[in-house]
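Two complexes come next, and they have one chain in common, chain A, joined by chain B in the first and chain C in the second.
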Partner chain A sequence: MKNPNGENKKIKILWLSGISCYGNIHSFFNYPHMEVFLEDFEFIYHPVLDSTFSLKEIVNETKECNILLIDGAISDDFHRADVNIKDIINRYATSVNRIVTVGTCATFGGIFKYSDFQSPRGLHFCGDELQTDFLHLRNKTISISGCPIQPEVLVNTLYEIKNQTDIKLDTFLRPKEYYAYTVHNGCTRNEYFEYKVDGHKFGELEGCLFYDHGCQAPYTAGSCNKILWNEQNSKTRSGSPCFGCTEYTFPKMSLYDTKKNMGIPQNLPLGVPKRAYLTIAGVTKAFSIQRLEKKLIDD
Partner chain B sequence: MIELIEKIEGEAKLDFSFTNDLIDYVKIEFLSARGIENILKNRPALDSLVINPRVCGICGHAHLIATVQALESCYEKIEISDKAKIIRELTLNFELIQNHLKWFYLVLIPFFGKKQDTKKALYSSSLMTKAIAVLAGQYPHNSYAIVGGITSSVTNGDFIKVRSLIDEAILFFQSNLVDANIEEFWECDSVEHIFEKEGDLVDILMYIIYSNLNDMGKSYDRFIAFGGNSYFKKGKSNKTVVSTNLKYEYIKEKLIDYSYAKNVYYKDKSYEVGPLARGMINKVPLIKDAHRKYGDSIFSRILARVCEIAQLLYHSKQLLSMCNIKEPSYIKPKIDIKNITANGIGYVEAARGSLIHKVDLVDGIIKDYTIITPTQWNLGSGTKDNLGIAQNAMVGLSSVDEAKLVFKSFDVCSVCTTH
Partner chain C sequence: MEKKVTKKEQIIQAALELFAYKGFYSTTIPDIASSLKMSVGNMYNYFKSKDILAKEIIKYISIYLGNELKKINEEQISTKEKTKKIVTMYFNIASSRPEMIDYFLRVYLSNREVFKDGCEGMACVSEFVTEIMIFFEEGVQKGELKEQDFFSAFGLFMGYLGGMVFLNGEKILPNELTYYIDDISNNIYNALKK
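Right, the complex of A and B next:
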């Protein structure tokens, strides 16, 4: 069957899971146009979906493949179907056109960099430390960080690879199209942040979570408030702090607390120097905006 | 004979031995564990609300709810509004429903000669993941349940959206799985009534009957459910005798030397958990009838899992109408968790059965954390004279293919089993 563009050839993808919770897979399942996607792409292996080959065949032979997706952390002693994950990656890495690290574990190690495996890490980074064992693959790698990934970001990137688009990447190999934003962009609580109205309580529509509740949105790269989750919502819109899950620092300690030095948040909005922040904060705090002091809906 | 079982949120090995062409023993081996319990140690209590949804990509929400309940039970007194309780229960229900839909269309039907139905699986499960996102921010991996309630403030518009998504899922169920009014499932007390209908579930059940597979997959006929809520009853059932007095002290986790999954027992016995167990303990008329006729076989297990979709959709609609939007979402606990030194336990019914989290806090820092997952109950690998639930269900079968079907009828999840 021809896809809507009239093309027959599908791009072949191998989805390889390392040390993972399968959250990226189930997040991917929320992609709203899956039927169209599966007309254009074929999984030679996927951990849940029917695919061309079995896991045994994939790990023991080298099948033709265009894109290698790696989801989950990598470790020297982690195996899939009795084959070391590093060997599987090396086998496919040379023949595929691109490698995509799917999620924060595959990119930076994520929560599993703290697991008991032998040196668990991402493909190129452990936290922000550059790893050397897959250095030769850097030029073909794109990182889609996030715990889990945004399905649209993954799928759009796969289409951009298919279309041979020149994808601009940041220092962690993440497509700037999605990671040049901060999670703060598009948050419905932005005004409370701008005017330093910090009286947030959980369970309310009002208030910014940056000052007291550990919200990392102003310094976390990601499109969570631009491309809404499940086409509906985001953590910060629903009153939860952003935990910075797209970053190499994830998961920090004390995730619900804002670390402060002399009352000033330790981590400031991306690119804002401390002195400038203090000046702006002083000015905006001088405003008394009644609209922001009141409840939005209830009187 | 060793078979690698994959597409179970990870992989496992089944090592079969045969006597006279019949399976007489199956060793179940899970190949790695990620050690989430250790990752949690020495972290501030609330961090567990962020780490624990990452135990599993398909039932992470159940892990969140079990975590928050474990933390809240560290308090001598804590107030949670009915609104927060209802919304937590709703999002948990939605997670169960999306799981069951994926299991049926992606995992189960290929065993009956059909292709995976990705379109039906993902369209219908996405309705539920959208409903969770409206209330909780996103799915998977949100942390909207917080000690004292929930982080979101829900509007009338949100409720209308959730109700529409439930209704759309009900329409999907009625026009695809069983063409019966969803309310009928609450009263229906006869499997024959289901056979009169049409639909994807009916096709599978009929196939099982016509192929004489209805006796397949029987185990000990012992069921347990720890996570009571407004719908699920807590209790254990031995064949049909139900008792409700359950104690944590009787639960034992045991290490085995060849697998990363720990076994779990209640008073040294294996118990089945999951939709069939819940149906038996809740005395759901249709499930009782299936059990009367087909015992704890794959027939009853499949029927119970799919019918739970209908029951939970109907119950969720009622729950939603009971929720008073004016109540607070969150009531700040009088004592900061940083000052709490105590043990707490949370019990939740997750898609695959009872999930238990136990936390030990010293001045608000996690000193110890224990997670007991549903799949540990069902997929434990015991010895020949003390078989686990799934092992016992596979013994006596004549083929590996049949055994795989029985194994997967428990909705196997490797990441949960090992966590």
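Right, the complex of A and C next:
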């Protein structure tokens, strides 16, 4: 967007926090190219960053704004500066071009759907149940789920909005570009998964964390192993199971445990029929591949 | 092509019977060839060695039993009823095609060295074991069977069935195998149920 003088006009963003732990804000601060970002975007309000207006001004007047970011869950009885969050959303919803739900709480209710607030939920979904009160905003909304959000996914999406890119979304309104993969895709442990070599200790380089340690990556949509965190690493690469934080099912109970029935995982990787999985698993488990059974780096 | 497949099956069936009754080492390729009125040279066109034939036979049995089990698994009935159907199916096969179960017990389980390359773990019996896994997994998921280690359940189920077929083969059982179906399926179900 350029102003009549041909200069780059900054895109105005309002970061509105609902019921939130501010984890998304902290995560966003880890975006490695923040200076560049702030040359192109301006926060008319942000809960932590210096911004143009105060919260009071934002909630009582309608300021000019292009994108509304909602972080945190929504509830009928949650207020910001004494104004009901739903009223604030409705006030800005009509004038902004796009609404982005930042994080799993704003998208699906996340961890706060178990809180004591009145009907806590995401903007359009509570778990996978479609909510109706903001239905008229669906066409404007993009969901960036994650607990917390991956900063690059948020920033790249904001740039796509700025550039008016046609963003393809999945059924939960998440950009397919980042959520059409599973987190399992790109994990450095895929070979261990294939040959059913389990990891036994967190933090080690060897072994897959699916069978014993509750890794949710085979049914979790996200780019964690494609776009690395802090440009460095991911949970599964470092030896921690994925918690499935981008999904409507999050948070699942007993994060480090794989639910099994007679030793057979109850949930199988997306799209894999149980019979086929068991046949392949039974056969591959029989291989004894020394390369995969010993330490990658000897002491 | 068609003809070759059927010939292969004929060889498998003839070898299966000979191996099951005469033992793996006492049966030679010429024995199998002559029981089929085939030349030894022609036999080798189908199977390069006795070991390869032995592995093909166990796969054939596993697919056969696996298919029978799959049909039962896909029925919309309780785990208790399925247990009885599996026991019945197994005993029926032990009576109508005894060489199949005998081969499993007397050749596959007793001559491990023959199967060590190429039939590691469940590689040659996966169709059958997969269906047993599905039977257990669904039973637990439906809340009918208790959660336990797969192999304890598998050993209990198959060990019991195999043991009965063995006793029957040794002519120790006072009654026909089918006489025991109700008791055995109840015992198995009671041991596995929640």
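Criterion: the second predicted complex is superposed on the first by the 289 of 299 C-alpha atoms of A that agree within 3 Å, B and C clash if a C-alpha of one lies under 4 Å from a C-alpha of the other, contacts with A are read in each partner's own complex, and residues count from 1 in each chain.
The criterion applied here is as follows: contacts are C-beta pairs under 8 Å (C-beta built on N, C-alpha and C of every residue); 3 or more make two chains touch, one makes a residue touch a chain.
All values reported here derive from a predicted model rather than from experimental measurement.
Colleague: Which holds for A:235: it touches chain B only (first), chain C only (second), both, or neither?
Modeller: The first partner, chain B, only.
Colleague: Just to be sure I read the superposition right, which of the two partners does A:84 touch: chain B = first, chain C = second, or both, or neither?
Modeller: A:84 sits against neither chain B nor chain C.
Colleague: Does chain B (first) or chain C (second) touch A:286, or do both, or does neither?
Modeller: A:286: touches chain C, not chain B.
Colleague: For A:119, is the partner it touches chain B (first), chain C (second), both, or none of the two (neither)?
Modeller: Once the two structures are laid over each other on A, A:119 reaches no partner at all.
Colleague: May I ask you to name which of chain B and chain C touches more residues of chain A?
Modeller: Larger number of chain A residues touched: B.
Colleague: For A:278, select first, second, both or neither according to whether it touches chain B, chain C, the two together, or no partner.
Modeller: second
Colleague: A:262 in the overlay: touching chain B, chain C, both, or neither? Say first, second, both or neither.
Modeller: Touch partner of A:262: chain C, not chain B.
Colleague: Which residues, counting only chain C, touch chain A once they are in their complex?
Modeller: Touch residues, chain C against chain A: 70, 120-123, 126-127, 129-131, 133-134, 136-141, 145, 147-151, 153.
Colleague: Where on chain A does chain C make contact in their complex?
Modeller: Listed in rising order, the residues of chain A that touch chain C are 260-264, 266, 274-275, 278-279, 282-283, 285-288.
Colleague: Using the touch definition up top, name the residues of chain B that touch chain A in the complex.
Modeller: Those residues of chain B that touch chain A are 4, 6-7, 9-11, 31-32, 34-36, 38-39, 43-44, 46-47, 49-51, 53-58, 60, 84, 102, 106, 110, 115-116, 118-119, 121-122, 125-126, 129-130, 132-144, 146, 148-153, 155, 161, 328-330, 332, 415.
Colleague: Going by the contact rule set out above, which residues of chain A touch chain B in the complex?
Modeller: Contact set of chain A toward chain B: 17, 19-27, 29-30, 32, 34-35, 38, 47-50, 54-56, 78-81, 111-112, 114-117, 147-148, 201-205, 224, 228-240, 243, 245, 251, 253-257, 297.
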